[in-house]
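The structure appears below as structure tokens.
The chains carry the letters A, B, C and D, assigned in the order they are written, with residues numbered from 1 in each.
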């Protein structure tokens, strides 16, 4: 007998997978460079959600954030905390990933602007034909 | 636990409101309609975040609501600058 | 529960209830009003009635919620800061958007009864 | 009632994910690029709610500014400067179907593998336990034994800057390389020298007044997020991207000439270098002390270890400062906000000035 919570969580999981599919389709098929950048950013975001979903856990009644609320924890508090807090490793990885992803997107936008200034279009098919 | 039970009753109303804003944002015939609905959506979401902070009994996650409020305003500013005829820097 | 806590809790309940009502009303208005400038009314209800009021209510509720421990003051303070930001920024954002939408003619003014601003611009009393 | 209590967060999670799928679909098939940007902003707000319900406030704090604020801003600037509509005539149906099929197969396989890799114990997803590594981090983040602990209640910041500090250092340098790349693309282009006029430039007077009131408050919130990064959710990255909103507001609401009073590009580069120097200094401070006193020390050492007894104090006068974490957060805040200030200033230069420079180069 599957818990309703597990069912709802699986729905979330599958929805994020569908997002990944749609955004990859956008990256490969749509011709405009800006549209490709939008699709790429959605793809990256979905991957981040995915990593965080893997670090999630089930706890009663609900898991807590991986941050202690007291500065002098007793050993009971620590064991209670460690048995209900979510995994702190994926957030630490995603945290740097988000900022770097933004910087890379900014660099791509700069490249796209430069391309537009030099070629006068952002349609990737026309740009390829000009150089081919 | 009285407080939490009370909130359990009211969270669905906020969800229905958010879904209505999303419908308008995705349907919105013109660009200003979409931006306005994203506005309402963001502010409603900020309220929902504060409610969830009490509901899940994790007080430290409140800072997210402040940041969301700020950035929804920034999105407004960008879009109205886009709609104006002036160059973006001026 | 001390009397002051009781009062805070009741006020918090009422404010959150008002917020839920305003969300529904604003959502309906958002979907049923005919054009952008009329929808601005619904947006006002959504921002102030639907978001500012329940955030204040939640902060008051958190102040009286003793199971949270000392950290509840952090929650209440953060909630008040968010509410003040929202109170100042939401109307300004709507104003900027409405002005830009009117002057750039991006929004359609379809069921139009009267447009006083247009007449004033034609007379030369107001300019962009 | 208690069942409903446990159910509601999961319910909101699944509804949010489904709505975000709809907006992603519309964002990809939309021909009007500005609407696509707005739809992706809707998707970002919902992802923020997902992150929130998955109990990772650090990510929410950095994700909302990045994906709701900065990225749409950059894309809106790019769309305004280039084409507004996408030309989709001539995409062949068969090619797109083949690509879609391949993508679906690839994603299903990788998703299934990831699910397997999570369920080591073959428990139902999500399991009630976390991995051993995570349990170790959670147990030792604030412990009685300083030898094994980071002495910070915030385990995410502890992992970012203490347990896995070297990782973060190199990941951060990728970001600064991207900024350097953008600077290199905009090589001789400078902000034109014009005097800021209150009436003629920028947006309406109401917007200007509200921004004048709000900018100091935003800065205070950003600084408090950054400086309390080792106690509450937040840190250098989060505070930096929150403070970047002030730069963008100054540029958009007043004008780039008003913002250039406070941030010249060269000053911003200088401040960014100071921030980076602070990071390097915090990383090697124990090494320097060890070199001077003739003891053993590591890079990225925060608290004393078994064979390296040097360590920074974790509290001063009863206030928890967690050793190097405070220095790291402060320097990172400075570096991130100045990096984004540079990028915004470069993006807001009028197109005529840029075209002049490029025409000069081509000839």
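Keep this in mind: contacts are C-beta pairs under 8 Å (C-beta built on N, C-alpha and C of every residue); 3 or more make two chains touch, one makes a residue touch a chain.
Just so it is clear, the structure is predicted and the values come from calculations on it, not from any experiment.
The interface with the greater number of C-beta contacts, when A-B is set against C-D, is C-D. Of all the chains shown, the one with its CA centroid nearest the global CA centroid is D. Work out the mean CA point of chain B and of chain D, and you get 20 Å between them.
Chain C and chain D have CA centres that are 28 Å apart.
Separation between the centroids of chain A and chain C, computed from CA atoms only, is 30 Å. Residue numbers of chain C whose C-beta contacts span two or more other chains: 71, 74, 81, 85, 89, 92, 96, 99. The residues of chain A that reach two or more other chains are 62, 64-65, 67, 69, listed in rising order. Residue positions of chain B touching 2 or more other chains, listed in rising order: 19, 31, 35, 56, 58-61, 63, 66, 70, 72, 77, 79-81, 84.
Interface of chain D with chain C (complex): residues 203-204, 206-207, 210, 213-214, 217, 221, 232.
By the touch criterion given at the top, residues 3, 6-7, 10, 13-14, 16-21, 23-24, 29-33, 35-37, 39-40, 43-44, 46-47, 50-51, 53-54, 57, 59-60, 62-63, 65-66, 69-70, 72-73, 76-77, 79-81, 83-85 of chain B touch chain C in their complex.
Interface residues of chain C, counted against chain D in their complex, comprise 74, 81, 85, 88-89, 92, 95-96, 99. Those residues of chain C lying in contact with chain B across their complex are 9, 13, 16-17, 19-21, 23-24, 26-28, 30-31, 36, 39-40, 42-43, 46-47, 50-51, 54-55, 58-59, 61-62, 65, 67-68, 71-72, 74-75, 78-79, 81-82, 85-86, 89-90, 92-94, 96-101, 103-104, 106-108. Considering their complex, residues 2-6, 8-13, 15-26, 28-32, 34-35, 37-39, 41-42, 45, 48-50, 52-71, 73, 78-79, 81-82, 85-92, 94-107, 109-114, 116-118, 121-123, 125 of chain A touch chain D.
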